[in-house]
Structures are given as structure tokens and as C-alpha cells.
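This is the structure I want to talk about, given as C-alpha cells.
The letters A, B, C and D name the chains in turn, as written, and every chain counts its residues from 1.
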Amino acid sequence: MGTSAPARQSLLSTGERRALYEEMVLSRVFETEAERQYKAARIGGYCHLSSGQEATTAGVVRAMTPGDLLVTGYRCHGFALARGVSPDAVMAELFGRSEGCAHGRGGSMHLLDVQRGFYGGWGIVAGQLPIATGLALALVRQGRSDAVVCELGDGAVNMGAWHESLNLAALWRLPVVFLVVNNGYGMGTAVERASAEPELHKRASAYDMPGERVDGDDVDAVIETTSRLLAAAREERQPAVLEALTYRYRGHSVADAGLAYRSKDEIAERQSRDPLVRIRAQLLDAGLGDDDLDAIDREADERVAAAVAFAEASAEPPVDRLAFGMHALGSGEQFARMRPGSPFGEHELTFDAGLGA
Amino acid sequence: MGTSAPARQSLLSTGERRALYEEMVLSRVFETEAERQYKAARIGGYCHLSSGQEATTAGVVRAMTPGDLLVTGYRCHGFALARGVSPDAVMAELFGRSEGCAHGRGGSMHLLDVQRGFYGGWGIVAGQLPIATGLALALVRQGRSDAVVCELGDGAVNMGAWHESLNLAALWRLPVVFLVVNNGYGMGTAVERASAEPELHKRASAYDMPGERVDGDDVDAVIETTSRLLAAAREERQPAVLEALTYRYRGHSVADAGLAYRSKDEIAERQSRDPLVRIRAQLLDAGLGDDDLDAIDREADERVAAAVAFAEASAEPPVDRLAFGMHALGSGEQFARMRPGSPFGEHELTFDAGLGA
Amino acid sequence: MTATAIASETMTYREALRLALREELGRDERVFLMGEEVGVFDGAYKVSAGLLDEFGPDRIRDTPISEEGFVGAGVGAAMLGERPVVEIMTINFLLVAMDQVINHAAKIGAMFGGEVRCPLVIRTPNGAGNQLTAQHSQSFDGWFAGTPGLKVVAPATPADAKGLLKAAIRDDDPVLVIENLRVYTTKGEVPLDDEHVTPIGRANVAREGADLTIVSHGYATVRALAVADRLAEEDGVSIEVVDLRSLRPLDLETVARSVTKTSRVLCVEEGWPSYGVTAELCARIQRACFDDLDAPVERVGMAEVPLPYAKNLEHAALPNEDRVAAAVRATLDLAPAAA
Amino acid sequence: MTATAIASETMTYREALRLALREELGRDERVFLMGEEVGVFDGAYKVSAGLLDEFGPDRIRDTPISEEGFVGAGVGAAMLGERPVVEIMTINFLLVAMDQVINHAAKIGAMFGGEVRCPLVIRTPNGAGNQLTAQHSQSFDGWFAGTPGLKVVAPATPADAKGLLKAAIRDDDPVLVIENLRVYTTKGEVPLDDEHVTPIGRANVAREGADLTIVSHGYATVRALAVADRLAEEDGVSIEVVDLRSLRPLDLETVARSVTKTSRVLCVEEGWPSYGVTAELCARIQRACFDDLDAPVERVGMAEVPLPYAKNLEHAALPNEDRVAAAVRATLDLAPAAA
């Protein structure tokens, strides 16, 4: 397989690896709970889980500096948590509550935290790519030496937005790394059934841009490769494609059993190589004890339970703020003369609800 | 330059070469006249000339069989003529007359002749690519062993539609050759300022598709390469990209002087290698006399003069057929109940004007 | 089901669409279905479930995520005489393919002087689901209905889902069939006759009434009928419901006939009313029925905000039955004198 | 120009836009212009002529032909605090970028709970040119004006071209500035004051009159004013012209005030009226002014066909002055009794 071998000797100290394990476990536990809450009808909408992809998520974010920016698709719980958004704010968002990171307006697909450089959580396949390109352009215009990580799935590489964004990024030398999380399927469509060039990283050559493929379940390799590409982006404004090979254990979303297009055996085979098991073994080798690690697992359970409690306690967004955030402050003045003849009930629903008046 | 060398010994008989010369001269003379008529305000809209690109146009069409299909962008006068659409029908279309090939509804950018397998003349950059892909899909579904030639410009390769179309064509093995007419500029933008990979044919590799570059001013090379790629498309359903390097003598459209973004010297240098001069020299070598060739030139002048006369004599499309062709026969019945409350004058303008009633 | 009626069966809207597809695929070799997940996955909303096994991968064609590409492929195939039915997972994703629909499919007939036609069908659901949020809960119905060269239908019942989809497939022009995420599971009687075709351009008086007319399409008609029953009970008012079924062409004759009778009208839609479908209805009704109206033409739709995620906000923003009922009452309250 | 007026100059609409760009580029480092041919080529319609030399290639940025890509790049740059002005050569090409405008730019403020803003400006001309044909002669104004989260302005005069473009650039929300191919060469007085900013959401009574109100925007306002002068002469009727200037928000207060005075109204637009801007105007006016109207709200726009190439057909299809005048006369003819 054309994946770059894991770094000869790991760059990670045991403490760092332990911290990564904490992140990965937290993500797994959080999403397992999210699925339970979804089935209990306390979470709605689409709910896309990334169980199985934790090494990619945690590894990529670990390679980012605080000044770097992150943009993702809709499968973003793990990225938000890895970037440091509190489980409380994420769970509250899934519950649609005021204290959610998008104040209950965005839900599972539209998490964000601009203080942490996380610019969303987007739901249109490949729609985030042009936006990531623009963020990178802004970094350059502002003289910053940070870079953008733009996550997308294997299915997104067949959208026109991929092509236009990569061409712009390469033509203008913008500091952005396009992270293709290749989990084998776009909904029920295997990569080979969607892309005429199934080695997705090779498509970077059409833009004279470097493209690499990495074993996305090998957290060391993910960190090493991402770090290298991000450094080139920051220092030389060299954009790149990074394809991480991983696997999604659950269905496309909680509504999908995920068995119509792949075999139980295939899933079992992949789960037998679970990145969590891998890193746990590495930590045991490094001298940590099972009790240490079990403690981490327990803490994750408790942290997630606390997040659920927080979300439950958080208030629903007030209906009289239906249009909250839609427009900037001062816009109410602009809309003031629109009321005559408005559709029935429009005033109450919109004009009186946070047009930045 | 990475262009494939002209076929060792030409595939063309002197008679065939003579016929090509006739086509190329006709195109040149036709467009020179079109520019004159445009400036005399008898032709409106945009008017994109292909003077300088005749070897590519005539060579590619020469390699097509009668069953093959052709789709182009808006710079399509030469393609229509080469495919055998009569100068009368083309000039009448430019004049906006009933006997134009689109009955005066399409104009310069939207020529077509479905009897000759020419499915238009399209004006949105790269918009014709998905359509060409669909025509190729239809050929396959209908069990035909014909292929589609889809013309586009160097500027069109940066549109998302290029990417999606090439991926579909390769994934589904559709018989289509994407002809990139690289004339160096998209309006005022040089290829290197628009495409991160200026060797446009190389982009085919992103779809695991063959891509070749040819000297578009060498009619033998164009015919040889196009024939080979079309054969593979017909026989193996192998799509391909063919990049033809040529040059546009006039501005982007008649409205553009074409000097703001390139030097007079550059234009002069290219004109010194005029494909018409080249093929004329070849014919002289082959034993034809200047008088023969001058006769061809004169015939072209007469043919174009006759086309202008035909266009002038052709009637304007009747205003009471404003919506002619918009809908299929029988649609009038469907629209019959739409009249109450219609915008002022709508009946006269639309409903009574060819809703296939 | 009366004795004289043609054999019919109760089924969901989703099943009715599937029946129409199966019948047309069986009837005409040129018909094929193309879209994301229509095959192996049985369709994102299961409309095409089972059809892959029955008709094979050439006629039930899974596509990459490339709406612009495969909508355009449908346009091209249609130009060469095929009868493509393109499924767009939801109408929100049609925005990446607008150029092919508006600048290409809609232009072909007129721009080429009638020399070539484009018998393309695009099927897609509009509207809100269950907290799908701002990018996944839209309705652009009026944009397409306002585009000359297109035909647009929006069935509200299983019977019309079958009849209008079949009509669209048999039509020689590009037709957009607008379905709805919430209507898929609604049930109704569907004629089994494989010649059951609902004519394009004919509205349907779904419920007779005397006091007020509600004009709607798609899922809004389901809401309207529920409100009509409820207000008949609670307020003893008699509401007539005109289900448009077609948005282009629009059957104003049927709408005007009803308004002339009731003198009061409320237009309801799932999408944003401003610059929407109900705007066009108001414009035509006030012109066609100027002397008959006892009150202004009223309308209700989705609150004019990107639909928020939170359940309570989503409910408040949608044209729910309470909001429709309130609008009906307000419209009836206006004294004729006021007019 | 009276003595008290601020210094102003006669210039074309095109020059007024250039002046606004130059002033804002000079005022605010975050402002930059991006689009096809805006630099070396001086702009397809020469709006940005000379700005490349003045501000350099970083601030006057030529792009590949990739509308979806660079509109989205504008969205992203705006989210990080830049003030991008994206030029789209004509509104027809915005169809390949709809997803970025509607599903992204318009959603950001609300969908992310007010955590981030998108101060993006998109400038583009609509309408017919000189026989540009079906794919190049459209106006989708109502589509954008009907999208919550966007603001849409459409200046009709050079002074407003400067004032509204500056207002758009200074606004913290995404604003679409709709120009027009034919209006670029029109001339008018333009204040030279670099604080000349036309507030968004304020219509302008461009001409006072008593008998009938014409409501329009963009180039249709130019036509309306010409028709008003002509009919004052020919028929001795007094027409008031309300130039909307903003389509979202819409200043119905000013429109209603005028209609209350004249009791008759004609809405005119360059695009197709069905499901268009004039549909929304009819809907709101009939509701706001129900008791004041002596005749139905009338409208005129482009004939509902893909615009044909032939000169005579194009002229017949556009809302030319004869068609507008005929509509005015018809609206005035209706006896108040009829209402």
C-alpha cells in the first residue's frame, strides 16, 4: 500500500501519547453516547459519527498550532473535541440548547469555535473547500504565518469545488492542507465506484501540488506527515493534499445501519485493527499500566456524562430570538420599512427576533 | 515543446489536403466578413472569431465520422462550417434571420445542426462538458459505436464542470474526446495566470485518462492524433483529453482589440506561422499552382458574399412566434389555464407565440 | 373505493413514486434513473428501493457526488432521445447544478429554434425534515417555476405522486418534480392502472368549502387539509383547499374560480414566502379576482430565517398548523366592509 | 448644482462604481477586488479600469474562470475579517456559484449563532445587452432578494451606484450589488464626498406624480422615468416613480405611501415577472394598500421566454418603453368603479 511508513522513531513522548489516547477515547465515548441520545430522540437532524477515525482526527489536530485554522465537513464531533471545544458545548449543541457552541442554531453538522480557529462544520459536500481557500488567502493578506487544515471526505473529491479550490490554492500559493479522510465510502458508494483515480492523493498532481497518502489509523504517521505538510504551508505557502486511509465503523449517519454496501466481516476486520487498541498497546509497551488506562476510560465516561447533564440543564434558545445572529447589529434599522404587506405573522417571527436591531 | 511530431509521412492525399485548404480558407474569409458585418451593426451580440485556429478546427472535424457528435463552446463558426453547415445558414443565424441554423434564436454562440451531429454552440464556459458526457452516455445506451468531440478553451479547464465531467467519462468509460483548444488566453488571462498546471493535457491523469498535446497549427498532426483518440473512444470506450496549441489572431470577441494583454510582436510572430500559409506551401510543394489556390480563395470570397446575400434576403423571425420552440407540441394545452392574472401583455407575447399549442 | 373505480391500493407517497418509476422503466427502454445512492443504497430516502435488482446498474445508475456533472449528463442524454430521470438527494444540492438546469436544460428548446428537445426529469424533495438545519431545509420551488423553458410539478398525494411523475417522464420538455421530505411517508389510495397519468397544468380542488380558499402545493397541502378539518370542527368554518399540483404552468383558472366563490384566500408554502411561490399567487389572484376579494390575499410560509437546528425554533419557524390556522382566522376576521 | 450642494460631478454609472471602489480601497486595507479580468483587462465592462496600476495585483486580483471557487474564497476571506468585493462578469455566471452564495454566505450569521460574520460584497450586472441571447440576458434578482441572510441592492443612478456600493462594502453582512449591462453608460451627477453613502433599505421617490405609481429598480427605473416624461407630454398624466434601490430589505413604507396617494400602481422589472421581483411587490402592495387601490396592481417585465437573439424578437421581449406605456394606459383606463 502506498502509505508512508510511520516515523522511524516516534516523535511523541509517552505523556503526549497518553494525552492523545485521552482525546481519542473521549471522542469514541462521546459519539457512542451521542448515538444513544439520538435514538432517545434528544438529538435530531443528521448525526454523523467518526468512530474508527479517531487516530486521523486526533493526529491531524495535534499537528496544528494554536494559530492554525480548521474547517471541516459535517462529520466534525471529533475535530471539535480534539481542537479543545468542551464536550459540554458540543453536547449542548447536539441537544439544540443556548449554551451549545452555535447556541443551538447549528447542531451536529455545524459546530464551530472561532476562538480556537475552528470555522465550522459545513454540510454541503465540498462546500467548505472554497471557504478554506479564502481563509488561507486572508491569512496571507494579513501577513500571518499560520495555515488552514480543510477536512473533506473521499466522496467530496469528485465535486467541482474540489477542483476549483485546489487550482486556486496552488496558483496563488495559499497555506492550506486539504485533508482527505478516506474512510472507504461516501454513504454507500465505495471509492472505486466514485473516483476514476482511486488513489485520491494523486489528484494533487493536476495542480502541480504535492499529495501524500498516510495510514490514518497510525497516529504517529498522521502527526509526522501533517506536521511536515503544515510546516511547508506556513513557511513556503505550499498547499498540499493529505489522504488519510481510515474506516468508519458506524453507518453514514445514525439513521444508516451501514450494512447494505459492506460486509459484517469487513467491519469486523477493521475493528480488529482499532486505532484505540493500537495506541493502548503502545502505552502499555511504554510502561503504563492497565489501571492507568482504565482510569482514562472512566474519566471519559464521566466527562461525557457531565456533558449530557450540562446539555440537559442548558436552556432552549428563546423563540423570540428566532433570527438571532442572521444580521449584523444595526440591520434592524435597514429592515424597519419592510413591514407593510409582509406575510402573515412575519413581524413576530422575524423582524422582532434579532435582526441586530 | 512536448507536442507530438507531425505524422512521419502524411495520411493525406493531395486532394484531401486541397479540400482542407478550402475549408480553412472559407472559415477565415467567413469570419473576416462576419467582423465587417458586425461593425456595420448587422450582426449583434458577442461575436467570437477563430482566425488563426483553422488547422485545429478543420483537422479535428476531418477526423470525425458522420456518426460522431460535436459539441463546442461559443467560438463555433469554424466548427459549424467544417462540419458542413452551409455558410448561408450560419450567416443567416448571425443576422438573426428565420433561415439561420437556429432560426435566428441562437446567434453566433449557439449554432447547431443536429442532422450533422452538431449539438451546439454553448455560451457558459465549460457548461458544454457535462452535456457532451451525457451525449456519450446516450451513444453507449443506444449501442452506437460513435464518439463525441467536445471542444473547450484553455480557460474552461479551471471550472468545476471540467472535473466532474472528466471523472464521469473515465469512471463510466464514455466515448468522448475533450478537445482543449489552447490559444494561449482566456479573454485577457494567459494560461499560466489561470491554471496551476499549465500543461493542460496532464490534468487527464487525475482521471487515469490519456492526455495528449498537439501542435494545433499542424493539420496533419491534428488529424493523426484526433483519429487515434477517436478510434480508441469508439472501439474501447476510452475517453481522452487532446490539447491543441494554437493562437487567436483577433481579440476575444469583435469588441476586444486584443492588445491590452499581449504584444503586437507576439501576434505578428504567430501570424508569420499562419496555418493557412503552411498548408498552402504544402500544396505548392505537392504540385498545385498558385492559380489553383488563388481560385480557391476567390471561390471562398464568392461563397461568403453569397451567404451575406442569402442572409439579407432571409426574413426576420415573426414576432408573433416569440416563444417558438420553447416547449414541445401539446404544451399549449398545459399552459391554457395559466392566463388569469398574468402580467400585462403576457398573452400576446408568450402564450400566443408557439407554446407548441 | 367505489365499485366503478379502477383498482387502487393504499400506499405511501414513496411507494407511489417507486410504482411510477417501475412502470415507466418497464414501458420504455429509454427511461433510466441516475443519482447518488439510487442503486446499492436503495436511495437516500428509499424511493428506488429494489429497482437495481429489477433493472440493473445501467438503468439504475449510481453516480459520484457530482450534481453538476450528472444533471448535465442527463441533459445531454435527453438531447439524444433518452428519457433520464435524475434524482437529486434534496433540493438544497441542486444549487451546485443550477447552471445546467437554468442556463442549459431550460434554454435548449427556444435557443436552438426548436431544432432539439430535452425530455429530462429531475426529481428532488424540498422542505424541512427533522432538525436538518439551514443548509438542508430549503425550498426553491419558485426559482424553477419562474424559469421559462421548464415545467415544474409538486405532487401532494400518493396518487398524484404516481400520476405526475409519469406525466413528467412522458413529457418532451424538462420537468422538475418537487417531492418533500415529510410527505414521503404519507399514505393514500393510488390507482394501479399503469395509464394513470395526472395532466401537467391542472390544479385540484382537494377539499370543497365556502368561506375561504387555501391555495398550496406539496406538503403545505397536507397541512392545509388538516387545518381545514380542524377549523371546521373548532370554528365551524368551511375551507376550500386548492392543491396546485403544477407550479409552471400554473392553473390560475381553478384558483380564480374558487376565490370568486369564497372571496377570501390564504396562500401557504413550505418555503420562504417573500419572492416565493405565494408571492406569485398573490400577484395573479389580486389581478384576476380584484372585484371578488373581501380581504387582501394572505400568505404564510417558513419564517424568513435560515432554518435553525433547535427543535423549538424549527417548529416555530415552519408553517405549522397553528400558524396556518391563525392566518385563516385573521383573514376571516377582516370585515368585508374593510375591502 | 445649487450653491449649497456638496461638490459633485457628472459621470457615468461605470465611473461612479469605479470612484466608490477607489475610495473604499483607499480607506480600508481590508478591501480588495477579485474576479475574472478585473485587472490586466481593466474589467470586462471596464468598471475597474486603472485600479490595478493604482492598487496592485494583491488588491485587484485576477482570477481563473472558477466562480464557485473565488466566490467561496471571498466568503472565507470575509469570515476572517477581510472585505472582499467579488465581481461576477454577469449575473448569468453566478449560477455556477449559487451554492456558495445561498448555502454558505447567506447562512453564516444565523447558522453559527452569530459567532462569525461574512462581510462579503458581490457585484454583478443583470439584464439584456445587445442581442446577447438566452444564456447571457437574465435577471435573477428575486432569487437573492428572497434569501434570508442576504442583502440585495440595485442602484439605478450613478449617484446611487456610488452610494450603495460604498454602503455594501461597509456593511457587516453579505450584500449583492446588482448592476445592469445597459445602465453602465448612463450619466448623472455624483457627489464627490467620500462619505456619500446611500443607506440600504431606503427607496427613493425618483419622480413625483399624482395619477399612477411605477415601482421599479435598476435599469427598469431608467425606462420608467422616460415613460413618465413621455406620457406627461402625450397623455398629460402625472406619474410617480419609486425607485426601490434595495430589494432586501424592501422599503414598502415608501412604496405604500405613494400608492396610497395615486391609487394605481404598475411594477416594472427587467427580468421575468412570474415568480419575480414584481410578484413580491404585487403581494405586499395589495396587502398594505388593499383599501386604497382603484385597480389591480399591474406588472410588466421580460416576456416569459429565453431571450431570443434576433434584434426584433429581443426588442419585443424586453420591457421596452412602448410596452410599459401601454401598461400604464391600461392601468389608468380601468374605471375606479371596477374596483
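In this section, contacts are C-beta pairs under 8 Å (C-beta built on N, C-alpha and C of every residue); 3 or more make two chains touch, one makes a residue touch a chain.
Here the structure is a predicted model, which is why all the values come from computation and not from measurement.
Relative to the C-alpha centre of chain D, the farthest chain centre belongs to A. Between A-C and A-D, more C-beta contact pairs are found at A-D.
Chain centres here are Cα means. That of chain B falls 35 Å from that of chain D. One inter-chain figure worth recording: chain C and chain D are separated by 31 Å, centre to centre, where each centre is the mean of the chain's CA atoms. The centroid of the Cα atoms in chain A and the matching centroid in chain D are 39 Å apart. Under the contact definition stated at the top, the residues of chain A that touch 2 or more other chains are 102, 104-106, 110, 122, 124, 127, 158-161, 164, 167, 171, 193-195, 323, 326, 342, 350.
Counting partner chains per residue, chain D shows two or more touched chains at residues 64, 66, 68-69, 92, 95-96, 99, 103, 110-111, 133-135, 148-149, 250, 273-274, 278, 283, 286-287, 298-299, 304-306, 308.
Residues 158-164, 166-167, 170-171, 193-197, 202-203, 205-209 of chain B touch chain A in their complex. Taken together, the chain D residues at the contact with chain B in this complex read 36-37, 40-42, 44, 62, 64-66, 68-69, 92-93, 95-96, 129-136, 266, 273-274, 278, 298-301, 303-306, 308-313, 316-317, 323, 326-327, 330-331. Those residues of chain A lying in contact with chain C across their complex are 44-46, 93, 96-97, 102, 104-107, 109-110, 122-127, 155-156, 158-161, 186-189, 193-195, 260-261, 316-317, 319, 322-323, 326, 342-346, 349-350, 353.
Listing the residues of chain A that touch chain D in their complex gives 69, 71, 100-106, 110, 112-114, 119-120, 122, 124, 127, 129-139, 141-142, 160-161, 164-165, 167-168, 171, 323-331, 333-342, 350. Those residues of chain D that touch chain A in the complex are listed here as 30, 32, 58, 63-64, 66, 68-82, 84, 99-100, 103-104, 109-117, 119, 148-149, 151, 171-173, 199-203, 246, 249-256, 283-289.
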